[in-house]
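Notes to accompany the following structure.
Order of writing sets the chain letters: A, B, C and D. Residues in each chain are counted from 1.
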Amino acid sequence: MTLEVKNLQCIRGDRELFTDLSFQLEESQLMMLEGQNGSGKTTLLRSLCGLYLQDQGEILWNGISIKKQDEDYRRELLYLGHLNGIKADLTVLENLRFNATLAGKIPSTDKLMQALDTIGLYAFEDFPTSQLSQGQKRRVALARLLISKAKLWILDEPFVALDIAAVELLQSIIANHVDNGGMVILTTHQEVPLTSGKIKRLSLSEEQDNLPSSAK
Amino acid sequence: MMSAFWVLLKRDLLLALRRRSEIFTVLFFFLIVISLFPLGVGSEDATLKKIAPGVVWIAALLASTLALDRLFANDYLDGTLEQLTLAPQSLSVMVFAKMIAHWLLTGLPLVLIAPLVGLFYHLPSNTIGVMMLVLLLGTPVLSMIGAIAAALTLGLRGGGVLVSLLVLPLYIPVLVYGAGAISASMVEGLSIQPYLLLLSAFMLLALIFSPWATAAALKISLE
Amino acid sequence: MNFYPLAGKLIPIFWLAAIVLTAIGLYWGFFKTADAMDNGMKEYYRIIYVHVASAWMAMWLYAVMVAWAMIGLIFNTRLSFMMASATAITGTIMTIIALVTGAIWGKTSWGTWWDWDPKLTTFLILLFVYIGYIALQSAIDDTRRSDKASALLALVGLAIVPVIYYAVNCPDPNQCASLHQESSLKRVESNILIGMLVTTLGFWMYSFATILMRARNIILERERNTSWVSKLNEVN
Amino acid sequence: MSEFFHMGGYGAYIWSAMATALVLMLLEPMMLVVKRRAVLKDIKRIKRLEERQNRKN
């Protein structure tokens, strides 16, 4: 399985975020996306998910444009953005079960409880999410990674709001996914040590030409 | 695909159950508007009978517009909407589930409270029946047209007022025939069947086009 | 951007055509239709030239706007969205003219400024729809989103406005089957019709001119940071 | 001539209808010209800024 990006260009307002961007990602590869604030990291991730329509270029999954694959592509995809995507009025378990069902799997309660245990929310399953701390809420969102069958993980700043233990846990979850032939794209300043597989780096540093003339 | 539909419908109903007050605000808004008119227009029997059809529908339009705010706004703010659009399911189907949940929570209560309105406005019992029937046919159309506007104005400053501006003119056909049917039911010898047929036709059209248009609007708004 | 200089060349031509055609149409209408009064028309029929021309334009421009919006949504071309939003404001102004002249017509012929007759009511609602479009567009800061969102709204409006027209025309479906409104055009004398058609043509030209002017403004505003704009003669 | 403007007693109506149309249809292009001038002015400002930046480099 491959994700291939060809000559991608995204324009936000009258600003060209990036242009002529090409790369390829294979199984067991992890890509770190670097760049300052406003360099278009989030926009790139969102266009890889199909949430943002690029101005030019193509995004191919197994050689076919993701626009044509639609639901088939989204089945292979897991996206974790800045927002946790959990409902404050639901309990931890309800949130996790809902998210898993949406992804197309109806998981057993055992499996969900096990995931919560791994992510460090043991015995929290009946807590309303609104009563959790920021870090715990993030863990609820991250628990999706453990029950997901998706091949391609797209993670936008996944380490934000996590304590040291959780950072290490997430690092091992990501490394494990890459071990098992998964693909990961993430933006972070945190290094992810891998036991196998390959790390790629893509830098979206702005060149002078890309700056809008008013900002020069 | 159906499992996503049911699970989302169940989730939205469960969420509303945990915040019951929100269901009642819409219902009480409807009742307050209804009871303001006799105070402003006068409470003679003939006047009440004359204005009742229009008043019921205008109150229903306003209440349904008021409720639109919540249809997608919460999901948008906590990121679950983003996850919905990324789920490997048809977004139109999921949007449809949300519309049904929304109608069950904000439209159906209006239908059920209609007999009380009939008492307030001295309406004969067969008219009350007609009123419930046309509300049952018309309020889903309101929810479905409104959903498009709610999706288009997602996350905008002053979204609530803007939604009313966009959506109220589009509600006119439902208002005309919904109120017309109630009026006709109070006149001897007039058939209400054509009204019901037209309202059913609107519902059918809304069923076909609205989930699709709302899904498209959501994708635009989330870009 | 070949469109910008081309539009610049076309604008004066459209202005000239607009002035000439409108002048001819109104001249014809005012001076060559005296026989209309022999057939029972009163003097106030002369309002009809501007009224009908603006009313036709109000409807046609909505169709033009929807067409641009649709092209934009299908092919994702930015120029079509700009044309759609440029059309909206001219359409709104035409709707306002149609409403005001309609009200004046109403005062002369029915003795009241406003009558809830189907045509006037439809135009009032058309005005609301135009205003909704413009309001939505100006409420969204991101141009991409505002382009697409307002285009979708225009499409939804296209689907619902005919239904509204039907509802306003026939609020009582029990009687509609028998009520056949004959087209008002058929009753109009050919002489007056010529005046109306020529004036409408003049209004078309006016609309082209203002739409192109507005489209040029929108282009300049959105592309002000690009190099082709800074090379334009206008800024040197 | 005054007969023409009088129009059988309907002159006021007819001319006010014409005037409404005329005023609106003059106002619209005038606003467009004003807007165009403002945009052009802003473009010139951006350009000036750019040229100064280039001279510095």
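Please note the rule applied: a contact is a pair of C-beta atoms (placed from the backbone, for glycine too) under 8 Å apart; a residue touches a chain by one contact, two chains touch by 3 or more.
As the structure is a prediction and not an experimental result, all values here were calculated from the model.
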Centre-most chain [mean C-alpha coordinates]: B
Chain whose mean Cα position lies farthest from subunit C: A
Between B-C and A-C, the pair with more C-beta contacts: B-C
Mean-CA-position distance for subunit C and subunit A (Å): 48
Approximate Å spacing (C-alpha centroids) for the pair subunit B, subunit C: 32
Subunit C-subunit D separation of Cα centroids, rounded to whole Å: 18
Interchain centroid distance [CA atoms averaged], subunit B/subunit D, Å: 43
Contacts with two or more other chains, residues of subunit A listed in rising order: 53, 213-214
Residues of subunit C whose C-beta touches two or more other chains: 142, 224-225, 230
Where subunit D touches two or more other chains at once, by residue number: 46, 50
Interface residues, subunit B side, partner subunit C - complex: 145, 148-149, 152-153, 156-159, 162, 165-166, 168-170, 172-173, 176-177, 180, 184, 190-191, 194-195, 197-198, 202, 205, 209, 213, 216-217, 220-221, 223
Sites on subunit D touched by subunit C in the complex: 7-11, 13-14, 16-18, 20-21, 24-25, 28-29, 32-33, 35-36, 39-40, 42-44, 46-47, 50
Residues of subunit C touching subunit D in the complex: 42-44, 46-47, 50-51, 54, 89-90, 93, 96-97, 100-101, 104-105, 107-108, 206, 209-210, 213-214, 216-217, 220-221, 224-225, 229-230, 232, 234-235
List of subunit A residues in touch with subunit B within their complex: 46, 49-53, 71-72, 74-75, 77, 79, 81-90, 94, 98-99, 101-104, 106
Residues of subunit B defined as touching subunit A within the complex: 3-4, 7-8, 11, 14-15, 18-19, 74, 77-80, 82-90, 222-223
